[in-house]
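Each of the next two complexes has chain A plus one more chain, namely chain B in the first and chain C in the second.
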Partner chain A sequence: MKTRADEIALYLKRRARWSPLEIAFWVFAFATIWLFPSKYLILKDTAILALFALSLDLILGYAGIISLGQAAFFGLAGYFSGLVAKYGIINEPVIALICSGLVAAALGFVTSFLVLRGSDLTRLMVTLGVSLMLGEIANRYSNITGGADGLQGVDIAPILGLFRFDLYGHNGYVYCLVVLFVCFVIARRLVYSPFGLSLRSVKGNTLRAAAIGIPVKWRLVAIYTISAGFAGIAGALLTQTTAFCSLDVFSLERSADLLLVLIIGGTGYLYGGLIGAVIYKFLQDWIANLTPQYWQFWIGLVLVVIVLVGRERMAGWVRAVRGAIARLGTRLAPRSAALGGAAPDGR
Partner chain B sequence: MPILETIGLEKRFGGILASQDVNLAVEQGARHALIGPNGAGKTTVINLLSGVLRPSAGRIMLEGRDITGLAPHERVRLGMARTFQINQLFLDLTPLESIGLVVSERLGAGADWWRLVGSKSSVIDEIVEIAERFRLGDVMHERTAILPYGKQRLLEIALAFACRPRVLLLDEPAAGVPEAERHELLATIEELPNDVTVLLIEHDMDLVFSFADRISVLVNGALFVDGAPEEVARDPRVKAVYLGEELDA
Partner chain C sequence: MLTILFDGVAYGMLLFVLACGLSVTLGLMNFINLAHGAFAMAGGYCTVILVNRLGVPFALGLPIAFLFTALLGGVFERTLYVHVYPRSHLDQVLFTIGLVFMSVAAVDYTMGSSQQFVQIPDALQGQFEVAGIGMGKYRLLIIVICGLLTIVLQLILAKTRFGSRLRAAVDDQRVARGLGINVGAVFGITFAFGSGLAGLGGALGAEILGLDPTFPLKYMIYFLIVVTVGGTSSITGPFFASILLGIGDVAGKYYVPKLGAFVIYAIMIAVLIWRPQGLFARGTAR
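Presenting the complex of A and B:
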């Protein structure tokens, strides 16, 4: 009895441990700061897109909520962080970033009640509708937002009063990467927690989730709010690192890009948004260099091919990679073989 | 006072009366079976009791408290859990995760988003106890989707049991379980602790008569006969509408 309890405790602990591949991923991510100094601009955009995609993965991959409206939170927080900097209300960028995230989360909380009911299609339409409305409000109040010209005259103070946003984008990129990492760690903690497990159960079987005492509605409200906060932080990062914010933060393309990123990277394992963002951004960059005029044609073609041909195969890659991680883990810690694998029938 | 009681319970689906004037009283610690021919409205009653459906009229009392208006998850917290006739499991989770989920939820850690699953030893101990009781010890790390049907059926009950209900509603627990895996399942149901009141819906008369100490017969959505197994078995009206063939066979 005792041994089985120990075994299970150990298994659960090991399950949530950072795998060698994950550590390698982040070591490489931070190494890019020194490896590719000429690529800071695209790397920074990638980090922001990755965080934005992570926000969608939290609701899509873990709670099964599909959305075309993440840009609502991205845009609101983008403008919020721009305005507080422009008018000197909150000068320090990190504090402004956190506040922007909270503002976006508040909008997420309020609008979450709209997405609780209904099917995937209604959710797509409601989320899309909310971001369209916000975009139009920003357009209408151009005296505040700058309207079609964008928000001008945003002056971002040095990060923590120490690191000024430089022309080469070095500090901006490091800032985005650190924020991405912190948010990722929080998301990772979250999905391995009882709360994260309850989300997966709601996604897997709502009827049963309620029948074992889970307040399904409140769990969905909570994750939608958290996801909105993450999307908001991504939006604020964009404004802060470019010292500019324009109406396209609310655009449909921004929300649609996220779905593409997650189609490329996969959902429900947190790295999908990150890997997808890297592939998407660099593919875009590479093709745009080849054919500056017609690059969207090729992006479109690649996406069609990925979706039609690659979906099953990509799931296979993910399994293969996971299998490799598991094998690596087994080799590093031989005892786990008896725990992780199928326990033979002892009777 | 009965632990679970319905008063004039009624459910309409459009023009169809699926339950009418059901006055059911389940005593504390009982092994109460609810039987009836196909379409008699047994599952409707379970759905009304567990809150999946809202009654058109009538009240449901749990330990003297009116729970008619409560959501399913609130009823679970008040001590009543159910299983489903058709498995409702978390196919992508392992039994360990599923049971761990229920236990964390019950111990109030369900909204805890920072600690790891099972970082409290009380949770682990309870997972182990439930795994042993439901004979799931050797499949704890398998994905639920690939478990043998009999094991899935055990997990179905284990998840409800992990809510530590005082009243457990079992909706045809033995349905579809192959003969080879049946014994394990029935033995597990027999071994449910006495302080848990069980309301069982079942087609299998062997199970009903070996398990139940009280039987209610439902016909056309209404309670027809209610009594001890011997009485019900002897009742000529019951034989006529329902039990005839099974008992004679």
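Presenting the complex of A and C:
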């Protein structure tokens, strides 16, 4: 006779199993290292953007916090990793990366208490305000940050003392991809854990979640802090791979673009950020080739159309496609019947 | 010192005219309209075209800019915005940011990316001194126009039937609808009027704020500060908030120029932490 707790544990475990579709996704992602050797730069940007979007998905998709200020963490960690490399405080990129993430997470922890107050609009304003304030500070102390000219003279040591950042961006891309994968696995572990489930319930109905004994406030503080750390790692990656950091890391456009990326990919199932980043970069590259100056117009149009068509409806199409693939999978290989259970059940 | 105060008041008045439409949208429909600045920009460019290219007198250009943006706002409201009201805040933010991006690129395409200036008549240029305070004539004009507008707005809101309908709808939409008030129509008109005011503000402010395609992005945060700090339940809240913001910004840029807008953001966050519903909001939260 199984107890209730065992059943729940079993359910959680089954839910968290890697589906063949996910494995295929990551196999393909790592295959791009050999498939597109001439596209390393855009691939690297995509990987960083994907990680950044993943961080937003954690708070937007799983905790329902609208933020226009993820750029604050991105930028802070970007400057931090640039400065420690420039002055030789921490020479090893991986350690610097982790430290940058921790610094950003610390900022996230402090600001989370501001963000958790008030309505959606107040949250928007406070998150935006924090990132703009950091931008002004970076501008003010231009003797440290380089001001409008950006942080120059950053020299990044080889990764683990072995791999130099080469001119073609090969090592840089592999580095970003590995970091993205590691962060993704952590995030995945997190959202499929009981902690992640409790977050979902908070998003679904805050009052009821509190009533069944979930410490709503601390759950939100925790996820906001973690998300800030991930955003920080993304920012540090950008600085490390480009050996440069400028004031636009704090800009509103960066946060707004990030929202767009996540919306294209869909929120609340982790892959949204990754898929959105790929589609966004591809779109941007393609449109920028057609009309170099006015690509923003088409990005705006995409946003407006997405909202007017309705995200739910689009998610429905995606689900239909996914269902079709799942059915195909079960016909081909009976073992992947677990797919339905393991597939992320989000929108 | 007093000159800074004077400039600050002029700036604040301008911000109020620009932002008061937004406060109604937010209070009435609970709609986050980040594209409000795009209408202000439309008014500014409309005036630039009329005055600089077609030679329309400045005094006539302003009302035309108002009508033009009001019409534009009305059309957008009826065709696009109505579909987005019932959506979540996230959808509203995405939708209006999309509109902002489109307007920025569209203006860049048609008018070029350089900054535009409205040719203001010679009679309005220059300064004069009153009791040792240097006052720009143009800024004085702005204060007079915006001050009059504020009084008119307050009178419309407080005295007319339309005003009381609007207030009723803001206070409780469902009850207002139950009493036979056509909330949709009230809102449509208010939205058009608010957009028109933004357009007028954009036209007046082209000289002070600077007019280029990134205008909606640059000033979006200012409008939002006015609305969030002032609260959405009355017109006096945003008014005092914008005056405060105007003086604070001008003084901050004058005394500590290197800090830029830092002071403003810090004040905003402090106020929002202290009173999340806005500085002048009534105690009742809906």
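Quick note on the criterion: the second predicted complex is superposed on the first by the 307 of 347 C-alpha atoms of A that agree within 3 Å, B and C clash if a C-alpha of one lies under 4 Å from a C-alpha of the other, contacts with A are read in each partner's own complex, and residues count from 1 in each chain.
Assume a contact is a pair of C-beta atoms (placed from the backbone, for glycine too) under 8 Å apart; a residue touches a chain by one contact, two chains touch by 3 or more.
Computed from a prediction, not measured in an experiment: that's the story for all the values here.
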If you stack the two complexes on chain A, which partner ends up touching A:189: first (chain B), second (chain C), both, or neither?
first
* For A:216, select first, second, both or neither according to whether it touches chain B, chain C, the two together, or no partner. => first
In the overlaid three-chain picture, which partner chain does A:164 touch, first (chain B) or second (chain C), both, or neither? neither
Note to self: I'd like to know which partner A:197 touches here: chain B for first, chain C for second, both or neither.
What the structure shows: first
First (chain B), second (chain C), both or neither touched by A:322: neither
Query = For A:9, is the partner it touches chain B (first), chain C (second), both, or none of the two (neither)?
reply = first
Within the complex, chain B is touched by chain A residues 1, 4-5, 8-9, 11-13, 16, 189-190, 192-198, 200-201, 204-205, 207-208, 210-216, 219, 222, 339-347
In the complex, chain B touches chain A at residues 50, 52, 71-73, 76-77, 81-82, 84, 88-93, 96-98, 100-102, 104-106, 109-119, 121, 124-125, 127-128, 131-132, 137-142, 159-160, 162-163
Chain A partner, complex, touching residues on chain C are 26, 32, 80, 83-84, 87, 89-91, 93-95, 97-106, 108-109, 217, 220-221, 224-225, 228, 258-262, 265-266, 268-269, 272-273, 276-277
The answer for chain A against chain C in the complex is residues 60, 66, 68, 114, 117-122, 124-126, 128-130, 132-133, 136-137, 139-140, 252-253, 256, 259-260, 263, 293-297, 299-304, 306-308, 311
